[in-house]
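Both complexes below contain chain A, partnered by chain B and then by chain C.
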Partner chain A sequence: MQPILSVHNLNKYYGNQVGCKNMNLTLYPGEVVGVVGESGSGKTTFINSISGNLIPDSGKILIETGNETIDFLEISESLKRLLIRTELAFVHQNPRDGLRLDISAGGNISERLMSIGQRNYGNIRQTIFKWLDKVEIDKSRVDDFPRTFSGGMLQRLQIAKNLVTSPKIIFMDEPTGGLDVSVQAKILDLLRKLVRELNLSVVIVSHDLAVIRLLADKIIVMKNGEAVESGLCDQVLDDPQHSYTQLLVSSVLQV
Partner chain B sequence: MNNILKFKNKKTDVAAQDEIYNFAYLDENTKRMIRRALIKALCIPGYQVPFSSREMPMPYGWGTGGVQVTSSCLTTDDVIKVIDQGADDTTNAVSIRNFFKKTANIETTEKTSQASIIQTRHRIPEEKLKEKQILVYQVPIPEPLAFLEPRYQETKKMHALSEYGIMHVKLYEDITKNGHIETAYAYPVKTNERYIMDPSPIPKFDNPKMNNNPAIQLFGAGREQRIYAIPPYTEVTSLDFEDYPFDPSKAPHKCSICGSNESFLDEIITDDDGNRSFICSDTNYCNQRMENN
Partner chain C sequence: MIELNKITKKFTLHNQGKTNILVFNNLNLKINPGEIVALTGPSGVGKSSILKMIYGNYVFQSGQIKINNHNIDHTYPRNIIELRKNIIGYVSQFLRVIPRVPTIEIVMEPLLEINSDQDEVREKAEKILLKLNIDKNLWNLSPLTFSGGEQQRVNVARGLIRNYPCLLLDEPTASLDSVNKDIVLNLINEKKDSGSSIIGIFHDEYSRKYLNAREIDITKISDAK
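Let's look at the complex of A and B:
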């Protein structure tokens, strides 16, 4: 099987500061890769660099679309943006970054559909309802503005907005950050369900080991902009080799 | 100053004009710069060309963009017509017409068919335009995406890459809220199957007139410093949905002066009891019909 996304020797510097250094990643279809590390370890820089939000200084990003392999850093801006709004999706930590707050929930979900050329209001409306149902938002809220939604609902709306065009690769930057524990659990449940149901390939960034353990198949542990350890999720978390990973695992609160 | 500006004869007074104002107010270098922008705009229908808009002797919002475009297009042989919401006799129309009479000493007219340049605010004349006529629109906000995406850099990118999904989101919201597309003026169009363009705040009733029009259509936005254009016989389509097609719409009334069933109407409240009457917004069209009957 071909990996759907592979990243080779990716570097991103901010002046002399290291953003992330020598990063590698292979993501197979239907697989979830988690990236963990403390604040400032370069997780977000890494996910932004591989999703098109940031331009890395060097490295290679290959995306397999099914009929061809695309060199993500070499393609034209227009093809890149087309990929970003069709094949890729980015779920922000703060749903307000990924949503248009002065446009109704339905309008938010419809944007990607219309940007790929759907022009039938009735059909678009049907798709919106289908997705609201999938992310467990009541259909009666379809015409309400996101600003009237709770934090958890906003995050679910953002997920629906991103998944509506069935993207191949989904990037998530702390999707449960800033939510209270019970809402976090609901979002995680939903994500786990969607990942299995739709066979999504996901790169997820989180500082929360529990989130990663629940969702991810493979894990990359970052410190100071570099990957210190990577491998199968359970293996790394149950038998951490690197001292930093050991520290990370041992500092999880036991309730 | 008025005495000096009273030209007796177009040709002999060119020298006299130069001492006060250049022909049609703007200096030749500025006109050249604007003509370059106009040519570029005509080559890329619907694309907004930046130009260094000049301070004009009128406030922004009164047609400074349109005046600069008209000024750059004028020749001594031109006959100019100026309309404001279709009317030849409103303040904006009268003052701009006088402005060009004074600074260019050219012939003016109210008859659409006789004008070679028509400067307009918010209407397209009812009478069909012909080849060799130029229609100059005054534009307040040239960017059709402005209210959806406030970052100019981003809208530029969206135009360059034809990322126009968001434009339909606006129409989607309209249908969702009102059951139909509520936008009634400045209704977005796609020009030559490429650029999405704001047709300036003309009623959507006028949108179909832009399509395949034999005249040159130029758009000038003075404050926003943008010029765009539709060359003659260019396809201009109004955005819509398959199941909610574009509808130009028209008030279901006749003009109470000339009886026209086809023209765009102004609604006028005639007394304190709320009685209304509808009259043509295009005064020249209405007058011509009265004269012919």
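Let's look at the complex of A and C:
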């Protein structure tokens, strides 16, 4: 099996300041990779640099589409935009960053569909209902504005909006970050089910080791912009080798 | 078949004065298909560590672990993920699940990895839950509020719903009453008879005898202790 996404020696600087450096990642179809580390460690810079939100200074990003391998940093801007609308998706920590609050919930979901050329109103409406159902938002809310939604509903709407075009690679930056724990549990359950049903490949950033343990197959531990340890998720968490990972794991509060 | 050859395992605690703890030195062990091996020895001797090395949770410094001829090699996490999906099952001591997910779905999950027929999988999950005396009223509730014994049986149901060629059991009967203990032991025996290689930790003599397990005292097979 071929990795669907591979990142080689990626570097991103802000002037002289290291954003992230020497980063590598291999993501196979159906796999979830978690990126952890304290705030300021470069997690968000890394995920933004590999998803098209930021332009890295150097490195290679290869995306396998099935028929060809795309060198993400070398392709034209228009092809990149198309990829971002179709094969890739980005779920923001704050759903308000990933949604348009001044158009209806249904409109938010249909936008991605229409941007890839779907025009049939009936079909689009069907797809919207299917996705509202999948993320457990009541159909009756389809024409409501997202600003009338709760935080948890907004996050689920953002997930629906992103997954509607069946993207192959999903990037998530702290998707349960601002949510209370009962809503977090629901989103985690939803994400796990979607990953299995749709064979999604996911890169997820979180500072919450418990979230990563429940979702991820593999893990990258970052500190000061670099990966200090990476590997199988429960191995790194159960038997951490690097002193920083040991510190991180032993700092988690027990409930 | 599970094989451990010349395993060395140590823990280095970087933040606690770089303390080195040697757990195993030159550890050798082999579990054949259709066989149950029970690890024995005082607590702290590394019984769970052996299971965790086989499952890939713990790294080892030297030696070889082979599962049906596949190497456990941490430079290729993908391979370990595949082995867990297809070959090794693990019943851990404690249930670790997402809060609010119903029991029935937790039990179905491992089987859904290889079978997408929801109805068929649900039927199998119901069957094993019935067998393990988990009340029907509890199936749609999260097991996190269940009693210790019920949680353990949910964990067993989840681990035994599939037929893994290799099975790791970490005290699967520790908090069960005698009736339920026998039920779980019978299920384990069924897996053995179907050809699984099984290695486990069983705290009581009764379980080990019931399973007709080959007992191995860890202090006698590793030079470390």
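Everything below uses one rule, namely that the second predicted complex is superposed on the first by the 255 of 255 C-alpha atoms of A that agree within 3 Å, B and C clash if a C-alpha of one lies under 4 Å from a C-alpha of the other, contacts with A are read in each partner's own complex, and residues count from 1 in each chain.
The rule is short, and it goes like this: a contact is a pair of C-beta atoms (placed from the backbone, for glycine too) under 8 Å apart; a residue touches a chain by one contact, two chains touch by 3 or more.
Source: prediction; values computed, not measured.
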- Taking the superposition as given, does A:Ser78 touch the first partner, chain B, the second, chain C, both, or neither? first
- Message: Contact-wise, after the overlay, does A:Ile124 reach chain B, chain C, both or neither (first, second, both, neither)?
- Response: first
- Query: After lining up the shared chain so the two structures overlap, which partner does A:Leu232 touch, if you call chain B first and chain C second: first, second, both or neither?
  - Reply: second
- Where does A:Arg192 make contact in the superposed view: on chain B (first), on chain C (second), on both, or on neither? second
- Kindly classify A:Ser166 by the partners it touches after superposition: chain B alone (first), chain C alone (second), both, or neither? neither
- Query: First (chain B), second (chain C), both or neither: which does A:Ser182 touch?
  - Reply: second
- Item | chain B versus chain C as contact partner of A:Asn9, first or second or both or neither | neither
- Query: Taking the superposition as given, does A:Thr65 touch the first partner, chain B, the second, chain C, both, or neither?
  - Reply: neither
- Message: Which partner chains sit in contact with A:Ile116 here, chain B, chain C, both or neither? Use first/second/both/neither.
- Response: first
- Across the two complexes, what residues of chain A are contacted by chain B and by chain C? none
- Item | In the complex with chain A, residue positions of chain B that touch it | 157, 160-161, 163-166, 168-169, 172-173, 175-177, 240-244
- Taking the complex as given, what residues does chain A use to touch chain B? 77-78, 81-82, 85, 100, 103-104, 106-107, 110-116, 119-122, 124, 143
- Residues of chain A touching chain C in the complex: 1, 26, 28, 31, 181-182, 185-186, 188-189, 192, 196, 213-214, 217-218, 231-232, 234-235, 238-239, 241-243, 246-247, 250
- Touching residues (chain side chain C, partner chain A) in the complex: 11-15, 52, 56-59, 74, 77-78, 80-81, 96, 98-101, 109, 112-113
